Each structure stands twice: as structure tokens, then as C-alpha cells.
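The structure appears right after this line, and notes come after that.
Naming follows writing order (A, B, C and D), and every chain is counted from residue 1.
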């Protein structure tokens, strides 16, 4: 495989970092400040996309920034797998940047400068995770992501926000320090390196027992992936403003979590080692449990964002489940699902935020007839929901299809069952919302005409329409995406 | 042997009495006796330099400082039934016994007392004894080591004294608020310093004349003796420390006899402040001059003062005087700062 | 002439500080600012010299400077190996930078008439510590230890509140006990070997490892030094001493006093007695291991319980000392490297944090953490420095705190003691607990009642205080990011100590 | 046993004295008593050093010019103890200075009483702050 040395990944990471300063200096003039955000998002997207042709040509980009300690480098590597996450995050940031403007201004939120600064920083961290070439670099950006999203979660600074944000921090920082760092140290001690290498670095370096322990530590240490019982922080983080929930707690942060899980499974342990020790199967069961349990909990939530949050927990475990099946189709499905879930879930969160910005409604039971007030919004919501349920013509269908194929390939039909049951549960918690929105009458006294596309509200509605279109489009461009996925699969499973 | 053991027993008794007496003034007096006995023991053990120092510092200055403090605080030790109890005596006893037991275990492998073949006497000490006089021109080997071989230690020692003096100045020399406090420990309150009585009384107190006359007569002799001890440090026991303390004693005696104000008139505060650091600076300068002449710090022999013998003699004398100056200054400072009367 | 002076730098590096200390009462009598000027110049020169020494040691090896040109073991020598050069540089650097900071802080916290002597004692304190680090003679070490100790007691006692006096006295009693133990240890060693020179001792001692005199000497050294570094359960003096001392004293004490104690402990354990002694004769490492672990946990838990920021930082120091002794107890190069790196980390990070506290006290006079609401807005740069220091304490990657912890965890694995790792990490987590509560108050908490806000009049700290604080904060990051350099020194030092 | 004690009686007395001083330092409440203990403790250590330096049949280490074959005592511990005595007085002086200040501020030189006063003050402060 050809390796190209290039500083592009660093620019991609740093662009939003520098934007932070510009945003800080433009604190007095909101328009300039938001322009910086948008410009940074566009440039970032441009840089990421400029790397795509190189990757599609089967090359990788590497850059070793500096050696911190003997054996610990800050190094970046862009391969096909990184691109899945990088493209998702950088594309959706553009959309979210506009959405933020609408949401924050129509709600007249305080501390907006801090908000935009932290937002830009968290994108830096997300891309840092995507491009990291070793566990150490990844760990740095993982911690950075936790720290810079903390001010976003605590944004409202109410007593409730402070309490929940602190729990957010304890969960994410705590698990990462206690479990993940231990696992990294152990990996370094046994393998002598922290480099991500397709096929893994741990095989044959330590006894089975030790490897199992390291595995458990890693899985427990990556709370961002939301595998039960380390999912508690995710619903709590919904106390943050909706754009944060949308981009970070449906896309960047949690996707970073599953991204890292996949990366560690495939590039630290390696498919063969996992299969040999039966770890993949074990993880698949944990993920399955999370999928079902989260869906059941989601059913009981009346708060729209809470329901979406539990849905996220479940959907993340799809990714984990798929990869832990360890077959080519399933791995491809899991990569694909990163994109699919991101675009679908961000649409749903955008809708929740748009509804709140326009009508101050948070609960599902209040949404009767809202389809008449905000038809466009609710159509987009329907698109997102159908995609996640797995209806054909929407992106979600593709991943579920491949996932099921993968399960059959692996010979574990039980997981096909899990997928079917959970799809039914998905339908059970999404469809009633759609039904209530379109077919139930508005509560008395409410005016059916809300200006959906006027003032700042327009900024919230247009982005969600765009993402809805993306969800549909993904279904049709899936074959091209699969090309990228095949590149990854080929590298980790040795061409099969 | 019997004499030794008797002295040691006496010392132990003194120590126990000193810590058990409720009257602190008496305890301090017993402590003085303890120190003096200790000096005697050391003299018997062929350590005249140390004995002299202990007599001057341990029994002399320390006692004076203790009494000064008692006169400004209170004489009695009182039991308080307080809620806060930091440390029970029984736990203390336990720790102390463990501590003693550990030390005693160590004695098992020690060479016998007085054994001339102990490692302590055969390694470093041999060269000091054999070559000390030739290499330093100082017949008193203690001085030879003190000023020459281990000159930096001695410099450090001067700095320690200086540090303590500065520390006491930092603590006690302020004009900030002070509270008037009452004593309620059953002893008669001592409202002003013992040493300060002289300028407080207007009429002639019984015995005062004697005190003043004795002081007048003896002070010059004390001072000359102090200078002698300093200057002769290299040939006989004694030196800067002992001599410095003796010089300080003369001032302390003057203060006791004529009062703080009279003393301050003769020897103003700024003068002692200057004295304090002068000695240390002279010692440091002595070392630095050696560097300027191409040697190491405190390498006296590089100085162009004639033959090595004379160079060493002169350098040792300078160093002894430097030590003496600082020690004298600091001891006076310590005394005056602790013994001065509280402002009302 | 110049060549002469350069040749004598190993001695002058300490002496210049002491010379300055002796000059200060003369020169600064009427004008404290002159005292400050002399102190700053001397400290800076000393720092430059120590850098020079570090450079020479790392390029050409050990330096031995014979005072008076008397060859050791008869004379006293200064010995610089990688460890002592490293710690010396650290001490002189912190000493210098705190001095820059001290001017403003002292004006606010000390009677004007006391300032001159405060500077003199400060210099003696620094000089004493430097002497301890530099010396190669064990009795000389005791003398310099006492210079630093006596100066330290006085520096603590002039705190603003009367509790400072009692804190100082308690410290004096415990410190004197510690010093007496060390003196006993020296006496026993001298009795068994007849020498006082550290290198000479290291040669003679292996022949008489089995002697009970040596054993007891070792016991007394370790107990005495454990008091000096406030190793649990001998830490009682520390919290009050740090809390009630003037800010400047708290900074230097927290940053370098216990670190120098740790240095001496390492020196005694590894150079004087030698690693063989601990491994074959006393098995003291297990004891240290247990005490370190307990210190790391208890210190952090007690820190969580505090509401006074200085006390909180003081208890956290007790936990941090646990890290240092842990690295010593591991008895391998990686662990010891971690220990030395943690000495560096703790010195810089604690100095930074205490400087921030001093700045807060300077502007508002508050130390109670519930009163800190709103400081993030009022003193943004100071608080940014605090945040960085806090991250370094937690051990975030790319701060210097991470480096030490990384090596300690790796060292525990190497020693086969994987069960230490959770303790290290849980202790870090507890640090998150108490620091984050503080950061929440500073940045995010809303004042319940605006009129009760004690930070209304606060504003950014004066530049003379802000710059040193920010320099230290930056160092936390720079040394954590470009950790290669300090690690190479620390690793070299560890190798020398373990005789590889 | 007897031989052991006879051979080392001096060291054993040193240890006893150290114990007495140490006890006073940690178990006595009165601050002045603590300092008295400190003095006893230190002097006991000095005695130990001097005992180490003692040599049967030797004389004080001052060279007698022109005389051969004189056995001189070991001067090194004497030097060390000279230094240590000075350190001792320094420590004592500072401790006594502190006691004077403490008495001025608290009106007591009993440790427990002072700590109690500190605690009372702390409680009052907390009450005043309403926490």
C-alpha cells in the first residue's frame, strides 16, 4: 500500500482550532462570529474531501507530528476507515453551523461565543480521533473531546445542567482514565507499540487471559460508544442545547466512540485474534442486549430528546454488533451505519430542536397535530424515522440488509432475530410520533399557522430538510460508499 | 568508670526532672544543670571544644533565652480539659519505647565504647590526626577540620545561626498590635522581663549597686577573654563560636545590669543588624577571594600571603573572627528580641 | 579569571544565593525594593548556572567540586549527577520565578517592615535546599537541610492569621524530630563506616550490609525523611503549614520543599545504601508501596472534603507525594523515571496552582471555594492558568502530569504489580472530583444572590504576578508535549541510581 | 549480657536520654516543655557522637608540638557536634520566638488549648458565613 506524507490531516484538524480564536475575537459582532464558524466548516469539508481521491486510489496519508515520549508519538494516518467518520462529521458540521445560528438566535441563548468556540474545538477533536494513527494520539483527542463538550453540556448553567454535566464528565473522564488508560498502558507494555495496524498488534504478545482483560478494559473504557451499562451519560447530556445533542451526541462524540471501538477491534486486536478467543461473539451479545434494552426504554420516554437519546444508544450498538460479527459484509455494514445513523439521527434531532425553537414543545404527548403547523419539519422527521426503522428507499435499509447478511455469513442466526425485533421496536417508538403529528387534531386554542420558514426559524428548518434529502440520497449512492467500505474490509481481513 | 556512670546517672535524673516539673522556671534551671553536666562529661571524654561550646551555648545562652521567654509568657504548666486532644501520653510512650528499642537493637553490632579500632577512628580520622597539623598549620585539630577540611560545613553553620537570627527578627520585630493578657495559672504574673527591671525602677533597689559594679568590672575582662578565645582557636580549645558567645555574654550582662535602653544606646539596633551579616559576608568573601586567586572556594593556600603555613594561619584567624562576629551579633540579637519588654 | 569562575560554578551556584541573603539586610534596610532586586538577580544567576551544570552533566558526566581543594572523603564536595543537576535546576528555577511573583504578593500579605527580612529568609530557604541537592557529604546535607528548615519555619509563621504561628510551631517540632532522626542516622552510619562522604559510603556499605547499625541507620533516615516529605501517616504538619503561610511561602514550600525531601530520600535509598540493600536486606519497598497507595487515596479523599482552597491543595500534595514514593518503591528504571518526572510535574503544577491562589487572595482576599463564583469572567488569564495546572494534576495527556503517571503505571506493570494501576488511576479520578468542583464554581456556577458575590470587584491579577503564573502553566504543557528532553534526563538519572 | 551492657553503657544512656527528650516533644502539651524536650533530645544525640569519638587512652585532639607517640582522640565528631550545637540553639531560639508570638496571640502556651481556640474560631467563621 502506498503511503503519502502530507500535512493535510493536520490542517483539517487545526482549521477549527484556529477558528476558535477568530470566534473569540469576534465576540462583539455575532454576524462575523458565525461567519467564521461557517467558513471554517466549509474549509474543513474542502480539506477532507480533497483527501478522498487519494484514499479511493488505495493510498494512505501519514504524518508524524512529534514524539512526546519514547514510544508515544502524535501521528496521523488517513485511510479509508478514517474517511467514513471524517466525511460524516465534516459534512454535517456545515449543516449544523447554519442550524446553530437559527436555534441559538431564536432562543436568545447566553454565552454564545463560548458555545461556538467549544463547538469548533469539538470538531477538531473529532477529526483528530478520525485521523489518529495510534492509541496515544487517539486518547489525547478522546479526552479533549470530553473536555470541550463539557461547557456545551453545562451551557444553560442551571442547577440541573450542572448536576448532569458533572455526571457526564465523571462517566466519560472516569471510564477513560480508569479503564481505557489502563488498557492502553497494558497494550503498550505487552505489544511494545500503540500503532494502529490492520490485523492487530496484540496477537501473540500475551496470554489469552491478559488479552481478554485488556479487551474488557477497552470496551468499558470507551463510554462514548454508549454500550450498556456505560450509556447513562448519553440521555443526561440531552440537557444541552439541541444543536449539541444533534451534532455531538448523535454524530461526533458517540460516533467517535463506536469509531474507536471498531478501530481497536480491527487494528489493535485483529479479526483473527478476536475470533480465536470468541471475544467478537461475546461483544455481539452485549451489543444485542443494549439494542433491545435501549429500544424498550426509549418506548417509555415522553420527552422527545430523551427518546431520541435512547434510540441513539440502541443504534450505536448496531454498529458494534455488526463489527463484532467479524465477517466482511457485517464490517462493511457497520462502517456504512456510521454514516446512515448520523444523517438520520441528526435529522431527527434537528426536528426536535426546530419544534422547540418554534413552539417550545418538548414532549411527545404535546405533538398532536404538529404536522399541520410544521409540515416540512415533520416530513423530514418521518424520513429520518423510516430510515432508522430500515424501510427500503431509505439509507437505513441498506445497513440492516448487510448486517443480516453478515449474521447469516457468520452462522449466528440469533442476531438476525435481534435485528428484526429491534426494527419492530424502532417502529413502535417512532411511528406513533408520526401518526400523532399528522393525523391527530391540534389541541384547542392553538393556531395552525406557525411561520415555519420565517426569521431565524428558517435557519433551523432548511438544514433539516437538507439532511433528510441526504438520507434518501445515501440509499442511492450506497454502492459508491460500499467501495470505500470494501477498501477497509480488504485491509483488515486480508483480501477476502 | 564509676565516676562516668555516676555522671551519666545524674544527667538522666536531670532530664527526667526537667520534663516532669510543673514550674517551668525550675525546669529550665534543671535543664541548665543538665547541660553543664553534659559539658563536664564531654570534657572528661576529651572533647574540650565541644564542652566549652555546650557550656557557653547550651547552658548559657539557651537558659537566658528560656528565662526571657518565661518572663514574657508564664511560669506554670497547666492541665486543660479541652475537647481537642491531639496526642495521648500513652500513645507517646508507646512510640518512644518503640523508638528506644530500635536504637537499642542497633547497639548490638556497635563496636565497644572506647574501642580504638572502631571504623570511626580508622578511616577518615587517621589522616586528620596524622596530617592535620602539617596541612593546616593548626595544632587544634578540631579547628583544622572546622575551618579547613570542612570549611563549608562551618560556613553553613554560620548561615544557620544567621537564619535563626533573621527568623527571630522577622517574627518579633514588628509594631503590629499586641494583646495584654492575664495570667491565671496560679503563679505570680511576671509583668515585665527580668532583664528589663533596671530601667523600670527609679529608686535604688537592694543589691542593684553590686550588680552594676560587678558588671562594670567584669565586662572588659569578659570581652578580652572572648577575643582571646577567638584568636587562639587554632592552638587551644575554643574558637569563633565559643568566643563569639562570650563576647555576646558581655553585652547581655551589661543589659541585665543597666537595662535595655542603656544597652540600646551603646549598641544600637542597626549596629547589631550589621554585625549579624558582616561575619557571614567576611567568611564568604574569604572563600571568594580564593576563587579570584585561581583556587577553589575556601582554598586558602592560593592566597599570596607568604608560605603556606602563614597563609593558613592568617586565613584561619580571619575565618574565626568572621564566625565570632556573626555569632556574637546574632546572640545579642536573639537575647534582645526575646527579652525586650512587651509594648503596653 | 573568567575561566576560574566558570570552573567554580558548581560551588557558586549555591553560594551566590547565600551571599545575596547575607547582603539583603544591609542593602534593603530602608528600601525593600532593593532587597527584591538583589534577590532576583542572584536567583536568576543561580538558575543560569544550574542550567550550565545540567548541560555539562548531561554531555560529559558527573561533576565533583572539591571545596578548598581537599580531596574527598576528607573534604566536602559537591556532586552533580543527572538527578541532582535536574533537581537543582528545578529548585533554582522555581525559586527565581516565585521571587518575580513575590513582590506584589508580599506587599499585600506581609507587614512592610518585615519584607526585607522575608526576602533574606526566602533566599536562605532556597539556598539551603540547593545546598542539600548539591552536596555530596551527608553531614553537610544535614546542615543545609536545617538552614532550609529554620528559614521555612520563619517564613510560615508570618502568615496573615494567628493559626500560622501554631502551624509553624507544629512543623518545627516535627521537623526537628525528623532532623534529629536524620542526625541519628548519620551518627550510626559514621560509627559503622567512619566516613561521611556519600560516594565513599556507597563503596563501604555493601561490605557491612548485615550490620544492625546500618539497618537502624537506614530506618532512621527513612522515617526522618518521610516526615520531611509528609508521607502518610506522617503528614500531619503539612496541611496547616501550607494553608496559613503567606502565599509566597505556600508556593515555594509546596513546589520544592517536599520535592527536595524526596530527592534526599532517593539519594539515601539508592546512592548511599544502594538498591541492593533494599532488595536483599530490608525489604522496605513493600512498606513504601502500601504507604504510597494509602497516601494517594486518603490524600485525595481528604482533599475532596476541604472547602478552603489552600487546604485542598495541601491535601492533594499529600496524595502527590504518594506518587513519588510509589515510583521509588517500584525499584525499576521506569518507575523511578516516573517518580522523577512526577517531582518535576508536581513542582511546576503546584507552584502554578498556588500562584493562582495567591493572585486570588491579592485581588479578593477569599480562599473559600464557594466564594469563587464568577472568577472565570473576572480573571480569565489567571483562571486559564489554573485550569491548565488542574489538568496537569489530573494527568491529562500532553500535560507534564501525564508523563509521570504514564511511567508509573508502566513501571508497576514492569514490576508485576498490576494492582497498583487502578490505585493510580482512581486517585487521578478523585483529583478530577475535587478540581472539577472548583472549576465549576469558577466558570459555570450562577451566583444565587448577586449581592453576596465576593468577586464583584475582582479583576485580572497584576502583570508581575500573572506572567510567572502563565509561564508555569505554559511549562506544564510544553514539558508535557515535548517530554523527550526531561524524560531523557530523568531516565538517565534513574539508570545511574539503579546502577545500570 | 553484663558484658554487653558494660561495653556499651554509654550508648544505652544516650538512647535513654533521647527517649526522654523525644517523649517530651511529642507527649507534652506545654510548648515550653516541648522545647525543653527538644534540647534534651539533641544534647543526647550529641552525647552519642562524642561517645563514638571517644577512644580509650587518648587525649584531646590538640597537637602537642615536639611530642611523639601521643594518641589523639578522634576530632571529626567534635567538629560535627560543634555544628550541631549551633543548629540546636538556632532551632531553640526560633521555637522560643514562636512561643512568645503564640502567647501574645492566644494567651496560652498549652497546645490543646490553642488548638481548641483555633477550632472554635473556625466554627464561628463557618457560622458567620452561613454554611
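A few comments on the model shown:
Everything below uses one rule, namely that a residue touches a chain if its C-beta (ideal position, glycine included) is under 8 Å from a C-beta of that chain, and two chains touch if they have at least 3 such contacts.
Because the structure is a prediction, the values reported are computed rather than measured.
Geometrically, the chain at the heart of the complex, using CA-atom means, is C. Averaged Cα coordinates give chain C a centre that lies 26 Å from the centre of chain D. Distance between chain A and chain D, defined via averaged C-alpha coordinates, is recorded as 68 Å.
Distance between chain centres (mean CA atoms), chain A to chain C: 44 Å.
Between the CA-based centres of chain B and chain D the separation comes to 13 Å, rounded to the whole angstrom. Of all residues in chain B, those that touch two or more other chains are 103, 108, 110, 118, 120-121, 124-125, 128, 150, 153, 156-157, 160, 163-164, 167-168, 171. Across the assembly, chain C contributes 139, 143, 146, 150, 153-154, 157, 184, 190-191, 196 as residues in contact with two or more other chains. Contact topology of the protein chains: irregular, matching none of line, ring, star or complete. Each chain pair that touches appears in this list: A-C, B-C, B-D, C-D.
The residues of chain D lying in touch with chain B in their complex are 4, 7-13, 15-24, 26-30, 32-33, 35-37, 39-40, 43-44, 46-47, 50-65, 71-83, 85-94, 96-101, 103-105, 107, 109-113, 115-116, 119.
The residues of chain C lying in touch with chain D in their complex are 139, 143, 146, 150, 153-154, 157, 162-163, 165-166, 168-169, 172-173, 176-177, 179-180, 183-184, 187, 190-191, 196, 307, 368, 370. Residues of chain D touching chain C in their complex: 18, 22, 25-26, 31, 34, 38, 41-42, 45, 48-49, 52, 76-77, 80, 83-84, 87, 90-91, 94-95, 98-99, 101-102, 105-106, 111, 114-115, 118, 121, 129, 131.
The touching residues of chain C, when paired with chain A in their complex, are 391, 394-398, 403, 406, 409-410, 413-414, 418, 421-422, 425-426, 428-429, 432-433, 436, 440, 443-446, 480-484, 487. Against chain C, the residues of chain A that register as touching in their complex are 66-70, 72, 136, 139-140, 143, 147, 151, 154, 157-158, 162, 165-166, 169-170, 173-174, 177-178, 181-182, 185-186, 188-189.
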